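First chain written, first letter: the chains are A, B, C, D, E, F, G, H, I, J, K and L, and each begins at residue 1.
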Amino acid sequence: MRLAVLHGPNLRLLGRREPEVYGTETLDSIGGRLHELAKELGVELEIHQSNHEGELLDLIENAAERVAGFVVNAGALTHTSVALRDALVGVGKPFVEVHLSNTTAREAFRQRSYLAPVAHGVVLGFGGDSYLLGLRGLVTHLYQTS
Amino acid sequence: MRLAVLHGPNLRLLGRREPEVYGTETLDSIGGRLHELAKELGVELEIHQSNHEGELLDLIENAAERVAGFVVNAGALTHTSVALRDALVGVGKPFVEVHLSNTTAREAFRQRSYLAPVAHGVVLGFGGDSYLLGLRGLVTHLYQTS
Amino acid sequence: MRLAVLHGPNLRLLGRREPEVYGTETLDSIGGRLHELAKELGVELEIHQSNHEGELLDLIENAAERVAGFVVNAGALTHTSVALRDALVGVGKPFVEVHLSNTTAREAFRQRSYLAPVAHGVVLGFGGDSYLLGLRGLVTHLYQTS
Amino acid sequence: MRLAVLHGPNLRLLGRREPEVYGTETLDSIGGRLHELAKELGVELEIHQSNHEGELLDLIENAAERVAGFVVNAGALTHTSVALRDALVGVGKPFVEVHLSNTTAREAFRQRSYLAPVAHGVVLGFGGDSYLLGLRGLVTHLYQTS
Amino acid sequence: MRLAVLHGPNLRLLGRREPEVYGTETLDSIGGRLHELAKELGVELEIHQSNHEGELLDLIENAAERVAGFVVNAGALTHTSVALRDALVGVGKPFVEVHLSNTTAREAFRQRSYLAPVAHGVVLGFGGDSYLLGLRGLVTHLYQTS
Amino acid sequence: MRLAVLHGPNLRLLGRREPEVYGTETLDSIGGRLHELAKELGVELEIHQSNHEGELLDLIENAAERVAGFVVNAGALTHTSVALRDALVGVGKPFVEVHLSNTTAREAFRQRSYLAPVAHGVVLGFGGDSYLLGLRGLVTHLYQTS
Amino acid sequence: MRLAVLHGPNLRLLGRREPEVYGTETLDSIGGRLHELAKELGVELEIHQSNHEGELLDLIENAAERVAGFVVNAGALTHTSVALRDALVGVGKPFVEVHLSNTTAREAFRQRSYLAPVAHGVVLGFGGDSYLLGLRGLVTHLYQTS
Amino acid sequence: MRLAVLHGPNLRLLGRREPEVYGTETLDSIGGRLHELAKELGVELEIHQSNHEGELLDLIENAAERVAGFVVNAGALTHTSVALRDALVGVGKPFVEVHLSNTTAREAFRQRSYLAPVAHGVVLGFGGDSYLLGLRGLVTHLYQTS
Amino acid sequence: MRLAVLHGPNLRLLGRREPEVYGTETLDSIGGRLHELAKELGVELEIHQSNHEGELLDLIENAAERVAGFVVNAGALTHTSVALRDALVGVGKPFVEVHLSNTTAREAFRQRSYLAPVAHGVVLGFGGDSYLLGLRGLVTHLYQTS
Amino acid sequence: MRLAVLHGPNLRLLGRREPEVYGTETLDSIGGRLHELAKELGVELEIHQSNHEGELLDLIENAAERVAGFVVNAGALTHTSVALRDALVGVGKPFVEVHLSNTTAREAFRQRSYLAPVAHGVVLGFGGDSYLLGLRGLVTHLYQTS
Amino acid sequence: MRLAVLHGPNLRLLGRREPEVYGTETLDSIGGRLHELAKELGVELEIHQSNHEGELLDLIENAAERVAGFVVNAGALTHTSVALRDALVGVGKPFVEVHLSNTTAREAFRQRSYLAPVAHGVVLGFGGDSYLLGLRGLVTHLYQTS
Amino acid sequence: MRLAVLHGPNLRLLGRREPEVYGTETLDSIGGRLHELAKELGVELEIHQSNHEGELLDLIENAAERVAGFVVNAGALTHTSVALRDALVGVGKPFVEVHLSNTTAREAFRQRSYLAPVAHGVVLGFGGDSYLLGLRGLVTHLYQTS
C-alpha cells in the first residue's frame, strides 16, 4: 500500500518561521520521521511540497492512480481553497487533514477549513507529531476497510 | 469572430469525478460538441483547461487580444478568486459563466460567485449542455451588439 | 410533448418598464419567438401570465396533468414566494428558472431565489433569449430522460 | 360554538405531493375526520382551502363574525405572509397553528413562522392528526375562557 | 391632475382592528377627509382597497395611464412584496409611502420596507393624518416638477 | 405499551412560578390528568421530574429499555442541552416535545430548541393540555407504526 | 402653544452642500416658510441650529419648559446619538423627526435612526417641505390630545 | 506518569447509539485498548464516564492532583459547557480533545467546541482510534516537556 | 433578614486557578469577609457552592422559602444556563449578580449573561470585593423596599 | 487621595426624567451622599456634569493630573463614544463604570459599552447607590495597589 | 495653496498616551515637521486640534473657504462620527485620512472608518510620518488636478 | 539596504484596465518613478510582478534573504490569500501594503485585507503615488529601527 503526504504553501519555511507557533522542527526532519513510521507500518510513502495550488491539484490528480490515501497539511490553502477540496473529493481516496498548530486557537479565518468536513479524520496541534498521528490513523483505517 | 472557452481546476477529472453531481460526459466530449456548435453558429473557438489560477489569468490577458468573448466554467475558483473576476473585467470583453451542476442547490460556499455579478449571463445545471447554451447566448449577444 | 411557460407579476409591463434593465422587447414578441422555437424542437407550448400568486399556483396544479415541464420567470415572486416553490416541487415536473436580467448583479434581495435550488437549471441575463435558452435546455433534458 | 379550519396554498395536492414529507392522507379525509371530532366535541365547523392569500384574508375578515376561533395551516404562507398574521390578530379571535410536517426539522426558511408568535398554540409534525390535536386544544381553551 | 390612493390588505378592518395601534378612525372617514383635501389642493382622487397583491398590481398597471402619482399604504405587503415595488417603479410614476402607525417602533420585520427606498417620500405615525400629509407632499412635489 | 413523561428543571415550581406565563395548575394536577388519559388510551405511564441534566440522561438511557416513547418538557434545557438531544436520538425511541407556554412568542433564546428538529412532533402553548395533546399524538403515532 | 424646530450638524451648509441630495433651498428660506405656516396654524415657533451635540442637549433641556413639542432634523446625529434620543424622551414632550432626503434610499448606516422609534411621527424625502409637513402633523396631534 | 481519560454524556450508549455515526465498538472495548496502549507507552491510566457535568467538574478538580494530563471526549458538553473548559484550564494540566466522529462534518452547533481552543491538541473522526491517537500524542508531548 | 450567597462551578479552585484573572483570595476568605459584613449590616447569611447545575436549582428552590434574596456568582453557568435564570425568576426573590473578573473584558462568550437582565443589580471586576459590594447593594435595596 | 466623579449627558434631568427607569433621586442628592461617603472613606472628591463629550474629554485630560481615579456614569455616551474610552485609557488612571439602571435589561444598543472592557470594575442597577458602591470599590482597589 | 491639518479628540495626550501604540512623539513635534515639509512643498498650512466634534465641524465649514484640502486624523471620531463625514463631503474639498497606528490591526470597532470611503487617500501605521506622507500625497494630487 | 516591490495579479493590465478606477499610468512608468525615488533615498530596489500566488510565495521566500523589507500591492490576492500573509509574516521582514485605488470605497469583499493587519503601514488611493509614499514610509521606518 502506497500513501502520499502533501505539504502546502510556506511549509518550506518550517523551523525558521514563527517558531513560537510552528516549533523548530524542519520539514526534512518530519519527512525522515514519517518514512521511519511508514516502514514500521508496512506502507510506502511519497512526500510533496508546493507553494502552488495548481501544482497540488495536478499532484492529487496524478498520485490518485497509485496511492490509497493522503495525509494533507494544506497550510493556508486549508482556509481558502475550494479547489483542493474538490480535487481530494474528486479522486475518491480517503485523506487525513493535519496541522502543526491548534488552528482552533488562532485567528477566526483559520477556524474554517474547506477540507475538514470531507476528511476521514483531523489531527491538530501536536507539531510534527500531527503528521505521524495522522499517518497512523489513516493506515489503520485503510487496513480496516480493505 | 473568435471566442475562448475556459475550464478551471479539476475539470480534467470530468466523467470520473462524482458522477452523481457532474454526470459522465468527459471534457473531450463537451469540447467536440462545442466545436460542432461553433461551426453551426459561424464562430471560431479555442478551448483551454488549467488547474492554475495564474495560468488562467495569463490566458485571459493574452487571449483578450484575439477573441470577442469568453465562456467560463471556473470550477471551484468561481467561489474564491477575485483575481479571475478582475482579469475578466480588466480585459473588457463580455463573458458568460456556466456550471455543469446547479450550484444554487449545493453547499453555502458554492452559492457565492465572484464572477456572476460581472458576467453578461449565467447558465447553471444543464450538465455539458450548460456550455452549449452559454455559447449560443454569448454569440447571439455579440451579433446583436456588433 | 407539451410544456408550459409561466410569466409572473409585472411582466405585462415589458418593453415599457425600466428598459435599461429589462430591454425593449415585449412579452408578445418573446411569446412569438418561443412558439417558433417550440415548433423547431417538436414540442407544444402553452404560455401564461399572471400578477396573482394564487392564480399561478392554480395554473401549476392544473397544467401539471398535461405538461412535461415548465419554463418559469416568476418575476418578483422568485424572491418571496415559498408557495410557488412548493407548487413546482409538489407537482413533480422539472422546471427551468429564467430571468431577463442578471439578478446576481442587482439588489441583495434579488439574489435569493426560492425556486433556483429546486430547479433543473437556471438561465440569467440574456434578455428575451433567456427564455429560448431555458426552453432548449429543458427540452434536451426531457428527451434525455424520457 | 362555530369554528373555522383554513388550509393555505398547495394543500389540495395532499396525498399526491411529496408523500415522504406530507404523508398519503388527502385533504378530504382530514376534513371527514375533523367533522367527526367536531361533532364529538359539540362544535360546528367550516373548512376552507385557498391558494390565494387575498382570499384567505377576505375569509378571515368575514368568518370572524360567525366563528369563535380558527385552526390554521397556512402552508407556505406561514413563512412569508405578514398580512395573514395581521388579519388573524386584527379580527381578535384565538387561533391554533398546525402543520402536517415538523417544520423545525426542515429548511431554514421554514423555521420562521409569522403566525406562531401570535397563535394561542402550535401543533407540528403529526400529519393529519395535527389538525385534530389543534382543534381539540382550541376547543378546550375556548370552553375554559368562555 | 389625478392621483390614486391605494390601501393594502386588512385596512378594511380599520377602526375595529387593534385600536391601540391603529386608532379608531375608519377607512371611510379617512377617504372623506382625503377627498376634501384633494378638492382644496385642486386635484382629482381615486381610492382603492384590496386584500389581493395581484389586484393591487393590476390596479397600478391600469391606473398608471390616468394618474400622475400614488399615495400608498401597502399594509403588511410593505414588508414582503417585491412585486409591489417593481410595479410602482415599473410604471414610472412618483409615489409616497404612508403608514398609520410609526413602523420604526414596532416588530423588527415591520422595519424593512421594500417600497420606501424607491418612494419619493415617506410619512409614518400620524394615524389617518399620514395620508393627508402624504397627499399634500406629493401634490407639492408634482406641481414643482411639472 | 408503556410511555414515559419527563419534566425538566424548575417544573416543580409550577403553580407558584410566574403564573401569568405558566398558569396556576401544579405538576401533580397535570400528572393526574395524564394518568387518566393514559388509562383511556390503554397505555401505561411513568412520570419523572429532575432538575439535573445528568439524571435526565440516566433516566432516558434506563427507561428506553421498557418504554415505547417519551413525552418531554425539558424546560430550560430545551434551549441549551445538546446532551438531551443526543440521549433521545441515541436510544432510538420516538418522542414528542411539549411546552406549557408558546415559546415562539418569548425571548429569542427560547425560540431555538435542540430537541424539536429530532422530535416526532411538537405541541406548544396549551398550558397543562400541551402534555395531554402530546400524549394523544404520540400514542396514535405508535399504534399506526406498530 | 409654542414649538421648537431643531436643526442638527452641517445644516448651515444647506443650499451649498451636495445639492443633488439636499436640494438648493437654504436654511433661512426653510425658516421663513416655517414661520409663515406657524402663523397660519396659530402657533409660536423658535428655531435653532447647532453643530454641537451638547448644545442640542442643553437646548432641549431648556426649551422643554416653554414648548409643547419639537420638530427635529438631527442630521448625522440621527444615526449616532443615543444622548439626543435620551434627551427628547427625558423631557417628555412629543417630537416629529424630519429629513430632507429619503434616508431609506441611502447608505446602510443612515437607515438606522435612534430617534425614529421614540418619535410621534416621521417625515422623509420632501426636501424643505418635510419640515412643513412635520410641523403640520405635530400641531394637529397636539390639538387633538390637548 | 498517570493520566485520566474522561468520557462525557451518553457515551455509555456506544455500540447501540447511531452506529452509522459512532460505529459499533463499545466503551469497554475502547477502554481495554487504551489500557493496552498505556502499558506499551509506560503510563498509568484511570478512565471515567459520567452523564453529569457537575461530576465531571468534581473529577477534574480531584484527579488533577494525581494525573499529568487528560484525554477528554466531552460528548455533547463539548458544545455547551463553559464550566468544563474552565475546570480544565483551572487545574492547569494539558489535555487532548478527542471525538469518535468528525464533528466538522456534522450540524453547525457541533462545530463549536469550547474545549478545543484551550486543548493541547485535537483528534477527530477515527472512531475508537481517536482516543488511542490522542493518548499517544499527549504522552509524547508530556515526555518532551517533562 | 436572611440572605443566600451562591457560588457556581469551579469556584472551589479559587486561589489556585488562573490567579492573574481571579486573584489569590480563596473562597473561604471571601466567605469570612461576607459573614463579617453581614453582621455589620444586621443580616443572616448562608453560603453554598456547587459544581452541579441541578443542585443549584434545588438550592434556590429550597432556600427561597427562608431567604429574602440572593447574591449569585454562577461562574461559567452564567453564560450557558437558562435553567438558573428560570429558577431565580421563578422563586420571585431579588438577586444580585457578581463576578470576580470584569467579564466584559474577556472572551465573547463570557459577555452574554443569562442572569444579568433579570438581576436587580450587577457588580463586576472587583475580585472578592464584588461579593461585598453586591451584598451591600442588595441589603440596601431590601431595606428600602420592605 | 483625590477622586473625580463624572456625570455624562442628560443626567441633570435626574428625578424628572423617566422615574420608572431612573428613580426619583436628583443629581444633587446623589452628590451629597457621595461627599459623605468620601469623607467616611478619607478621600477628597470633585464632581462634574456635562452634556458635551468634548468637555468631558477636556475634564479627564485636566483632572488626571490631580486625581487617582474616576467614577464614571457616561450616560448615553457609554454606548457611542470611543473618544471617552480613549481619554480614560489615555490618562492611565483606573476608573469604575456605574449606571443607575441595569443596562443589560434594556434596549440592545444599551448593552454595548465602550467603557466597560477598559474599566477596573462595573456596577449596574442600584439607582443612586451604584455611585456609592462604585466609589467604595474604587477606593478599596486604590488602597490595595498603592 | 493653503491646506488644513485637523487633529481630533485626545491627540493632545500624544507622547504621554499609550506610547506602545502611539509612539513618543508629541503633537508639537509633528506640527513642526509638517510646517517644514509644507515649506518644502510650497504650501501654507494651518493646524487645529479639538476634543469637540462640533468645533471640528465649525472649523471645516469655515476653513473650507480658504483651503484647498484637509489632512485629517479624527482620532476616535473616525469610528463614530457621521457628522464629520458629512461635513468633509459637504464642503466639497478633497481630504486625506491619516492614523498614527495601523488601525486594521486593532479592536474590531476601530476597523470601521466613516471617513475612509469618502477620502481621497488613506495612510495608516507610520506614526507621525503618516501625516507627512498624507500631506505629500494630498499636495501631489492637488497639483495634478489643478 | 535593498528592498523589493511586489505587484500581484492583473497589474500588467495597468493603463488599459478600467482607467476610471486605476488611472492611466502603466506599471513601467511606476517602476521608473520607484527607481528614481530609491536612488534619492539611497536604497536598492528589485521589482517583480506575477499572476501566480505560488510564484509570489517563492519570491518572498527567496528575496527575504537579501532584502530588508517589501512594498506589496497584492492586487486581488489581498482579499483572498492567507498564504501571502503567512509568507510575509513567516520571513519576518516588515512590509507596507499599497493600493492604487481607495479600496475602502469599493465592493464589500475588497474591504477585507488579509495583509493589512500584519503590515507595518498601509497606503490607499493615491494611484501610482501610493507606491512612492509606501516606499518612503518603509525606508524611514527601516532607518529608524536599524
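Just a few scattered comments:
Just so we're on the same page, a residue touches a chain if its C-beta (ideal position, glycine included) is under 8 Å from a C-beta of that chain, and two chains touch if they have at least 3 such contacts.
Since we're looking at a predicted model, the values are computed, not measured.
Taking only C-alpha atoms, you rotate subunit F by 120 degrees to land it on subunit J; that is to the nearest 5. For the touching copies subunit B and subunit L, the fraction of interface residue numbers used by both falls below half; the interface is of the different-residue type. Subunit B and subunit I have centres, each the mean of its CA atoms, that are 63 Å apart. Subunit G and subunit K have centres, each the mean of its CA atoms, that are 31 Å apart. If you average the Cα atoms of subunit D and of subunit J, the two centres end up 55 Å apart.
Counting partner chains per residue, subunit C has residues 52-55, 80 touching two or more of them.
Under the contact rule defined at the top, the touching pairs of chains are A-B, A-H, A-L, B-C, B-L, C-D, C-E, D-E, D-F, E-G, F-H, F-I, G-J, G-K, H-I, I-J, J-K, K-L. Of all residues in subunit B, only 52-55, 57-58, 61, 80-83, 85-87, 89-92, 114 touch subunit L in the complex they form. Subunit D makes touch with subunit C in their complex at residues 8-10, 12-13, 16-18, 50-55, 75-77, 79-80, 109-110.
Touching subunit J in their complex are the following residues of subunit I: 102, 104-105, 113, 116-126, 129-130, 133, 136-137, 140-141.
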